[in-house]
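The first chain written gets the first letter, and so on, giving A, B, C and D; residue counts start at 1 in each chain.
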């Protein structure tokens, strides 16, 4: 079938959205932006297409719910099957990447050992890799799927393992980390092909084992599912946007500014959107749109990256937390410490100074989130204010403390304004891009 | 803030006028280089509120430190000059024009033509539209140990030239400036000569205005920002009131008239511009260190700047002001008081709205430069006001005049593209 | 007599023990350093302190004066505190008596000081609010590039056509770097470009403080040979006559300087007839231990 | 790292009244929303309150119109700036942002007008922004002459002041009489003397009147009627002199450059706690702008006297041009002040992006150095929250002065 792709190459993450002919979202994909833009795009697009195939599988499943009573797959079983399929798929991908990592680390070993005379890392590294491998099934087949990218997931496990394994002189911590840092870049630059089809059998098998699918139906279910995920997807058009769009391997007319894409994306998700606030990794945008989703005005932060998503990243690093953990922690604050500087680079220093003054971590975090949103409020004011409805997009919209601070400050400044936040807000730009792609093709067909 | 590049750099138009301007400048710098031998007197002064006719009437050669700074920016020397000034304890925060000029002095005071510039016999501090000028000459005074003559030009806070302000300036001209010029030249003030220069100024001003106004046509035959910074060159600097300048503007006017007749658009350093797609009014000075690259971000997209405020810092002739030979000192005072950045913010908003209207622009773009508080403080409000009054969208970019550290091409281009795409989308409606 | 200096930095804790002999000569008994790596500062201090004492084979009670510096003001067992530039200047003189200036390049700040032969600080400059070009920044970039801290310097020395970062902000510079990689710029050239931008700032600090002659680089970045080279180049380009040096113990300059000032202070107090209790007695009034 | 900032408490016996005074001053100095002004207006119906931005404005004229002169100096670290930031790029100082924030949130509604004295391009343009954003409010941009000649600058200033006098009279509903102006000048002469007395006490015995405390007392003057503030200053001087606080061994420094945007209190405390005693400063430059008394002889026009005092005894601070024939080179005045206060060093503290202060600094620093005084410099913003780098710097500065003081 024909589909349309929007790709948002952000400073932090690269997002892709796939639409079907009717403009419904088929799939979404995300990866961390990296120096090889082509790979980042390819990975995000491949993920989105895989996700699209999952959607197709979901669409195909109800058919399995029809037939003789002892043959039907109950809706619960269908759900379980889909979930399992996704889990199996993510696990398989993870294992492939661990293999790549193992190979790369091993290849880098001599170079690293040369830097640390006397170091012998081989056995420790083998052990570290083994540990990662052993942990994988529980990580993916248990409950929630991990929400972080391979890089981050592996990095934190690796750091933990390295800390335990380190012995000064013989196996310095720095050397163990260094080997990982080198290898991970290579791993990220590698494209690997792993279709969903490869794990259909495993997923079905798991459910048979769990007694959710009658053993006799296994073959039938497997065939139906494999057929659905193997359906050919033809990308009819793609539009690129985002910070790195100028370097996307797209012709110029297939590139749209982030402003237009975020405006349109927000309009598509929430048609009554009048104002869009987008906080990404290193910029913040305030956009005004008309009832058709056409941008009427916008403002972006100036050259200083203070108060953007990266700021939270630095803070999280400093606290040894994941970015997604910051918001919940901040929400548990009892009071807010007033923070004035949102300079990203000094965030850590300020944090330490405040902690040393005896202030609580949660309270400082609450203050930091408010400070970020205060800056965003200025930008909103600059762009013409907050009008109903306000849609909050970009990665930072995933942060509940940022959302809470925004709600409060909007109420203080503008009264009760309906506010939209979608769990998929990080894909807003890519969604807008995909719609531009679709419109371009439809307009071309009409002409 | 101010003034204009040597056309020796990227030439927008290989026209006769262009050649003439180049020759005028070369001659001027040659005279400056020879000053130590010829004994010609040299006065350093600023562009906004310059008293060129008066200086000419004393046969004094003006040097404009702002132009030094600008040229250093275009010649890619500013980074090193600014570094030199910062090395001497200047803050990263302050106006880079000052630092760039100071750095050039510290590095031997070699001007754009490669000749050493002569030291000043007098620092004529005509302090118009910006407080930094005062500090600038205090700093130069320490370097050159030259006498300083202050001409304090009050601000047009209420949007008009008050009689008290004019009298104050005239009296200063008469009692401070003229005596200082007499002192250094040993000559008496010759009002008839001054009148003669003023008459020529008015002539050139008439032609310049006609050139600038040609941008009201579609397509506009000129770029009223990037191109016009070359056009205002002679009149903003050492040539206002000379026969050369009058001839230059006559020639320029004829050339532009010809373009109009032929229905041509502007010429850019990369050749004639393609079809005109966007008409913009621009507020704020340009960036000099990446001038061509900056211009290209506009013309490559078919955006022409039809009017700009920067080209009015050395006089707001298009608002009707002409030097009047019959009231020589009064006219100089009114000229100083009327320069663009000496006008209150509400007046500046009025000017911009008028431009939007008269030049049928699609939008207002502000290039906010870090150096210049005089221009920049309040621009965001001006933008909002113009948007509100005209209903046209505003765009906002940030850079600097001559500090390459503050020009991020990717950043600026990103915003300009988004802005132009927005105008396009609005024009086309939802289907874009 | 033994005095100690403890330098609590933003990325590492450094300890130095100095033995002062009766004839006025000194010997550096122990230097030790432990990276914080986001661990609790107090426990890291305790760890390195105990280790240093053990290495020297002395006990806490043998130490006549414990001088803190950096962010070490709150260490409970300190005798007195000296500010960072005071101690780095002293440490620099200790390591390199000809030095008349020092530049301390640590994880977050850079600071230049000019001093006389007695380590009297005559002038100094610190980096301002905007933090681009700190050691931390270099570490982040290294991680992006998959280059270990120890490799950064040697790689930078190999650069042929360094590519400068345009951004003034460290965050935006990170993106610049990704951009460069995507444009196929060699790692060597990127690192050198970053070194040059950092060096530009550092040279401005030095010249701003009016440094001349021998300059000792102190702090962790003294180990970065690429940065040192870049500073030399930038200094030459700026026409500054500086002779840049580094010492293997450069990173310990703050702790060493603190230990030396501790002895100086002790002497001064003794002359005034004030006796200090055993080390660990609470520090006297006032934030500074000097005066 | 440092003890909580509000731990400073007056120590010795008799501390209670001093403490009460300081607490009152603290409350007034934190009153950026001008509650005190509102209260004053309620108690004095029909009278005007007129604000002025730093540096110098003729408060005497407002006072003579029966009005309350109010210092408009931004929000310090006490307000969250949203709309103010919306109008200013990141490379402009903080003062206009928080000032505009307060104007837009209604805090300045109690002001009948605002005077913007010629200070810098930022404040100049702010006057225009005020006109656009708060239409209908009285706004006066007050140009001050850069020519010191009485027949030139003097005449111009007199004309400016006369315009202001007429306009304030209209605002207040009755013209300002010469007698009223004379009385107001006298009130401000007394105020100037009271300030100088406190400064003198601090310069002699800084430990008795620590600067963080004096700073609060000075800032209270932004909202207090001049008579009350004079009384407060006198009372403070007496209480502080009698406080019996122990002497501290600190380096004696002059703090300069902070004449417009106010540094946060924590910054002053940081400087003091790192070992520096501030013995002179330009934190209240506007109030100390004219040195000595203005009071004219009975036969002289008081307005002309004010203009003349400005020309003859106004400070040549960074916002003013120093003419060739001023009789003094750049920075000499600062060196003199430092000598008079017995300072051992100079700290240049400028607001970030403050062109007047920062462009002046290399010149004055050179003069200071030539006079053999060490100096150091840093930048701040009114809402600076990170004092660590500043403490390192002033601490090292104090260390150097103290270690070598008797060597």
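Assume a residue touches a chain if its C-beta (ideal position, glycine included) is under 8 Å from a C-beta of that chain, and two chains touch if they have at least 3 such contacts.
Keep in mind that what you see is a predicted model, and the values were worked out from it rather than measured.
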Touching subunit A and subunit D alike are B, C
Highest C-beta pair count, chain pair: B-D
Just give me the whole-number Å value for how far the CA centre of subunit A lies from that of subunit C. 39
Taking the mean of the CA coordinates per chain, how far is subunit B from subunit C in Å? 48
Residues of subunit D that touch at least two other chains are 1-2, 86-87, 89, 352, 379, 388
On subunit C, where are the residues touching two or more other chains? 71, 74, 128-129, 167-168, 172, 179
Residues of subunit B that touch two or more other chains: which are they? 89, 380, 398, 406, 408, 410
Could you draw the chains as nodes, link the ones that touch, and say if you get a line, ring, star, complete or other? complete
Touching residues (chain side subunit D, partner subunit A) in the complex: 1-2, 4, 77, 80-87, 89-90, 381, 383-388
Which residues of subunit D touch subunit C in the complex? 1-2, 248-250, 273-275, 352, 374, 376, 378-379, 388-389, 391-393, 395-396, 398-400, 402-404, 407
Touching subunit A in the complex: which residues of subunit B? 380, 384, 387, 393-394, 396, 398, 406, 408, 410-411, 413-415, 417-418, 421-422, 425-426, 429-432
Listed in rising order, subunit C residues that touch subunit D in their complex are 71, 73-74, 82-86, 109, 111, 113, 118, 120-124, 126, 128-129, 261, 264, 286-288, 290-291
Show me the residue ranges of subunit A that touch subunit D in the complex, using the header's touch definition. 302-304, 306, 338-341, 346, 349-350, 353, 356-358, 374-375, 377-379, 381-382, 409, 413
